[in-house]
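Note that chain A is present in both complexes that follow, paired respectively with chain B and with chain C.
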Partner chain A sequence: MEIQSVAAEELRLPTRRRKTRYRMIASFKDFSLVCPALLFLGVFTYYPLLFSVYISFTDWNLVKPAKKFVGLLNYEKLLTDPKLYHVLKITFVYTILDVVLTLAIGLLLALLLNVNSRVYNTMRLFIFMPHYISMVIASMVFVWILNNQYGIMNKSLSLFGMEPVHWLDSTSNAIWGLIMVSLWKGVGFTMIIFLAGLRGIPVEYYEASSIDGANKWQQFLHVTLPLLSPTTLFLLITSFISSMQVFQSVDVMTDGGPLESTKVMVYWIYQMAFRDFRAGRSSALVILFFFIIIALTIVQFVLSRKKVHYEG
Partner chain B sequence: MYRKKAASLFAVLALTAVSTLGCSSGGGAEEAGAVAPSASEDQTPVTIQYWHAHADVQLEGLNYMLAEFKKKYPWITVEPVYQGAYADLHKKLLAAVAAKEVPAVTNVEVASIPNFGEGGIFMDLNPYIKRDKMDVNDFSQGMLKAYAYNNKQYGLPLIVSANVFIYNKTMFDKEGIKPPQTWEEIEPFAQKLTKKEGSNVSRYAFSVPGWDMWYAETWMRNGGGTPLTDDNKSGVDQPNSVKFMKKFREWMDKGYLQMGYGKGASDTMRQMFFDEKVGMVMHTSALIKWYMENAKFEIGVLFPPGDQKRISHIGGAGIAVMDMVPQNQKEAAWKFVEFMTAPDNNIKWADYTGYLPTRKSAITSAEGTEYFSKKPQYKAVFENFDNVIGRPQHPNYPAAIEVLKNAIGNILLDNKDVETEFKAAAKGMNEVLEDN
Partner chain C sequence: MTAKQIWVPTRLILSLLVTLLMVFPLYWLVITSLKTPAELKAAFPTFWPETFAWSNYKVVFQSIPLARYGLNTIIQTVGIVSLQMNVALLAAYGFAKGNFWGRDKLFVAIIAALIVPEQVVFVPVYVMLSKLGWINTYWALIIPHGASAYSIFLLRQAFKSLSSDVMEAASMDGANRFRIIYRILAPMAMPTIITVLILKVISSWNSYFWPLIMTNTNNMRVLTVGISMFKESFPGMEMMSYHLIMAGSVCAIAPIVLLFVFAQKHIVVAMANSTFK
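Let's turn to the complex of A and B:
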């Protein structure tokens, strides 16, 4: 009886209002479906994020019960600290080297191994395999590989009559040690994504260009590269962000040294918070770093807008 | 997607901030009163958690101690929870304090006492020590003081190490060399042991780690200097503080001393020692057992040679009670701390863990005598028992001493001038120490 009267009332409503009501119910349904994910993000990402903004304006040391409000003092101290610029420089140098080399080697491998046969499949498997190994384990192994007296790297170099290289205990080489482990672990993944991109390029373009007399190099420059640009942009942004956030290899292989030559941003944030107990200042650094990454990512998007070709 | 990426950047932020969840009102720990509640005869069952950093090799010892504790206090159940190495344990402890869900007892690494002490998260044990008439004079005084801060005893020494020299006794006996007891004896000792052809050194006399200032501080203090003065200023530019590094420079130039710097340097030093490319290495006493098990030759142990003084610095961790737990847990936790650090099981605990005994009476006991006859290597430390002392205490000290580490790095890697670097380090350290 009651149901009938509700239905009758619905029918009496003007059509526009009825539609709005249905739309609201539909959006509520959609919203309720994403609620668990939002809740998770809210608790573990957005709440800590906002809380860090708050902490960055305090002098909190992680153990003190009281958090004294200090205004912009943490930001001021950071911006006047020459170490900030040193750490930023190291982080950028690492990121540029890592991203450029990972993408270049990944693309080269994808081009070389873009053949369907059992041998090539096995080769791809071997190159991709390090991706599954944890960064901590890989770094521990590389500490030994790069050991200047007992490492296999220097032993191999000596076979070619080369002098042993101080890898991790030299200010100029330590960063290369970090890049080596990152490349070893990362190129396989980049190769696979590039391969997927390569396979998505229609054969017709190559056929058409070869009829027009283009050689392999010209095909690569004018067909492959432009049509791979969405894949390249994706890899560029993701590897840029992950390189900027490098931490585990630094923690295991160099401790930010020697002489702070590998002190990257996230490692500095970690040390400031958990070694020096400066939660306030390290949160301020997190916020600064957040805006730096956002700004650079926007720059990458804008610059790449003209260069990225989406097929169709 | 973009927002998602931006959010992922905050992995590190989450690390910081997750530890603060639920603490916006401030997790104030009430200070323990000067007087402990009178000893309770209450035997109502109580369960307490013990957060520890005892790795696998120490678990047998821990299980033995827990079983013995249960026999003595059947109404108290201790739940041991391994929380990883000291740094991991500390991080989890901070998160626990923020969430107000803390264990009753925990390990604490000795260098972090000032920071935890300032936060007031540990219970001051002094009132309980007084109430139960614990004989604290029986502890090595240096070890005991290392766990006190601002006149409060925030913990007691549990797994204590000191820096020592570990030497190749077989090699020394063969060469007819005795390990040097003073800085003066180092020159003739090293001259005899070093093997050198031109500038190529095939055997160094000794090795000192340059990667951790724990070792350099010992040399600095033994030379009559200090890393931190009484008024909390850097002392590294004092003539007596610089002296050791000048000696090091000279010994390195002569090929006597190998000094590693950087992350892999510890592995290199150990391997060189096993390959007999170095006669003795300065390292933590916690590794004596490991060296003895892995070396193909006989191992000897030497307390760091002295000059103006002869001390060694304490390392390892202590045991502390969290101030936030209810009174019945505090009482149970105190009983556990008392038991774990008591003289009765002190030798057995040391034997199991490879760390040092902490009680004088344990050392002189029948069990102690037997221990030393079985492991004479540890004797070197106990002949200097009260000279194992704590590192300087200041909340900013761990960050400040990194400045000296960089200075030593400049000297070792870039051949910079010792005096200039130490002067600059003192200035840099003061800036960090004053930065609040």
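Let's turn to the complex of A and C:
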């Protein structure tokens, strides 16, 4: 009865008002569809981000409920701790080596395997596959391959008359163990993305430049590289961010050792929070680290603005 | 011989060498899992086991609750993927076809979440979930991953490229938004949906950091965490048990390798298209 009378009321309304009302309801319904996503990201990303900022101003031991407000003390303690600079250095060294090698090898592989045939398709798949193997399992396989005494790596070196190398228990080589796993998992992905970029370069550019007398090397320098630059920038930024956050391989292969020579940022954060239960200090470190990553990402964008050529 | 005659076979040989190098660790993983402890310590490693020690697999299943880890991983993966997919489908419709105040600004806010790594939020989320009593439950593994900015982004792109004509015709016929999303838009955007599905299955299956922190009992562990703990359970002695560790690892990655083999075409196309252009 009531519904009918509401409907009748509605019909009596002037057309324009009915239209705006209809539009408002429609836009509210549209909005409600994005609400679940907003809710999840709000509760599990944005709120925790703000809460981390708050915790970072407190002296809070995770196992005790009391939070004592200490202002900037956590940041002060961190910035005067020589360990921060050690960990930052390790993280940067790892990131630079990892990013440069992954991109360089990925590009070389893309150029090498840029052939359209069944055999090459299959080879590309095999090279790409490790990207989807769990980092934890990959790290365990490399622990075995790099074992000083029984590992296939040292056994192979001995075939060439080389002395066995200390890998994961050496302060200078352990980081290379981490990089090896990362390369194994990463170069296939960079190769695929570079290949997509290579195929997007119009053939006319090569034809035009070869008419002008450019050789292959000049074509690579003046056609291929500039036109790949948007792809390169994408890969640079994404692999920079993921290398900075390296954790799994460290946790499985080195535990940050030997003698903290592979203690990277996320591993330190994890230890501080879940071994030492220092939520306040570790949150301060998280916030500091977060801003370092954002700042350096922006720097990469700005520096590359002049170098990146978008077509047209 | 011309330069081309030399380059073609050289290129093939170089490519084959790279392929062999990349496949080797996986090959080594499987071969090691089938060796006897004595063969592990051979003076020079054998590339084909003298005897296939299938019993290694039996021993692993007896030493750790591998089946339970597998079940936990499946529940985690199915839970995350189905929740994320539905949340993303609705949001993608809202952002691509919907019309409301602040739509594009909100979309930017969603995409911005991509730069917040899970290591930044895990302490507050851990505290929140432990207050709810969710630590060591499937909720803790699934619910925090309810929305993926990446999936929303990809699906929105796909929906945007679809013409609105069919949609409008359907809505004239009285179809509501859910019907339009699930019956009309989703089938048309199937390639993108399959892409997102595969990528998310793989990343949920392989996740490590989150389940490591959110669970601490043996029967709630997922495969990645369980096998890493299995390795830790032989302090200093792990090299003597590597055949077992590798057998467990083979079980953990087998579903992903199978998925890769069956869905390879989708995966490669997906990867090439999923960069933010």
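Note that in this section the second predicted complex is superposed on the first by the 279 of 312 C-alpha atoms of A that agree within 3 Å, B and C clash if a C-alpha of one lies under 4 Å from a C-alpha of the other, contacts with A are read in each partner's own complex, and residues count from 1 in each chain.
The criterion applied here is as follows: a contact is a pair of C-beta atoms (placed from the backbone, for glycine too) under 8 Å apart; a residue touches a chain by one contact, two chains touch by 3 or more.
These figures come from a predicted structure and were not determined experimentally.
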> Should the pairing of chain B and chain C on chain A count as a clash or a fit in the superposition?
Replying inline: clash
> After lining up the shared chain so the two structures overlap, which partner does A:F44 touch, if you call chain B first and chain C second: first, second, both or neither?
Replying inline: both
>> Just to be sure I read the superposition right, which of the two partners does A:G257 touch: chain B = first, chain C = second, or both, or neither?
In response: first
> Can A:A174 be said to touch chain B (first), chain C (second), both, or neither?
Replying inline: first
> Between chain B (first) and chain C (second), which does A:G71 come into contact with in this model arrangement: first, second, both, or neither?
Replying inline: neither
>> For A:I294, using the defined touch cut-off, is the partner it touches chain B, chain C, both, or neither? Pick first, second, both or neither.
In response: both
> So, A:A279: does it touch chain B (first), chain C (second), both, or neither?
Replying inline: both
> Can A:M140 be said to touch chain B (first), chain C (second), both, or neither?
Replying inline: second
> So, A:I269: does it touch chain B (first), chain C (second), both, or neither?
Replying inline: both
> Just chain B (first), just chain C (second), both, or neither: which does A:G213 touch?
Replying inline: neither
>> Once the two complexes are aligned on chain A, which partner has more residues of chain A within touching range, chain B or chain C?
In response: C
> For chain C, which of the listed stretches 8-16, 80-88 or 116-124 runs into chain B?
Replying inline: 116-124
> Which residues would you name on chain A as touching chain B in one complex and chain C in the other?
Replying inline: 41, 44-49, 51-52, 55, 62, 143-144, 147, 149-150, 241, 245, 247, 252, 266, 269-270, 273-274, 279, 282-283, 286, 289-290, 293-294, 297
> Okay, in this complex, where on chain C does chain A touch?
Replying inline: 11-12, 14-16, 18-19, 22-23, 25-26, 28-29, 32, 40-41, 44-45, 86-88, 90-91, 93-95, 97-101, 103, 106, 109-110, 113, 115-117, 119-125, 127-128, 143-147, 149, 152, 177, 181, 202, 205-206, 208-209, 212-213, 223-225, 227-228, 231, 238-239, 242, 245-246, 249, 252-253, 256-257, 260, 264, 267-268, 271-273, 275-277
> Which of the residues in chain A come into contact with chain B in the complex?
Replying inline: 41, 44-49, 51-52, 55, 59, 61-67, 77, 143-144, 146-150, 168-171, 174, 237-238, 241, 244-245, 247, 252-255, 257-260, 266, 269-270, 273-277, 279, 282-283, 286, 289-290, 293-294, 297
> Which residues, counting only chain A, touch chain C once they are in their complex?
Replying inline: 26-31, 33-34, 36-41, 44-49, 51-52, 55, 62, 109, 112-113, 115, 119-120, 123-130, 132-138, 140-145, 147, 149-150, 152, 155, 184, 187-189, 192-193, 195-196, 230-231, 234, 241, 245, 247-248, 251-252, 266, 269-270, 273-274, 279, 282-283, 286-287, 289-290, 293-294, 297
>> For a test of understanding, state which residues of chain B touch chain A in their complex under the given definition.
In response: 2, 5-21, 24, 26-29, 87, 90-91, 94, 97-98, 115-116, 118-121, 260-265, 267-268, 271-272, 395-396, 398-399, 406, 409-410, 413-414, 435-436
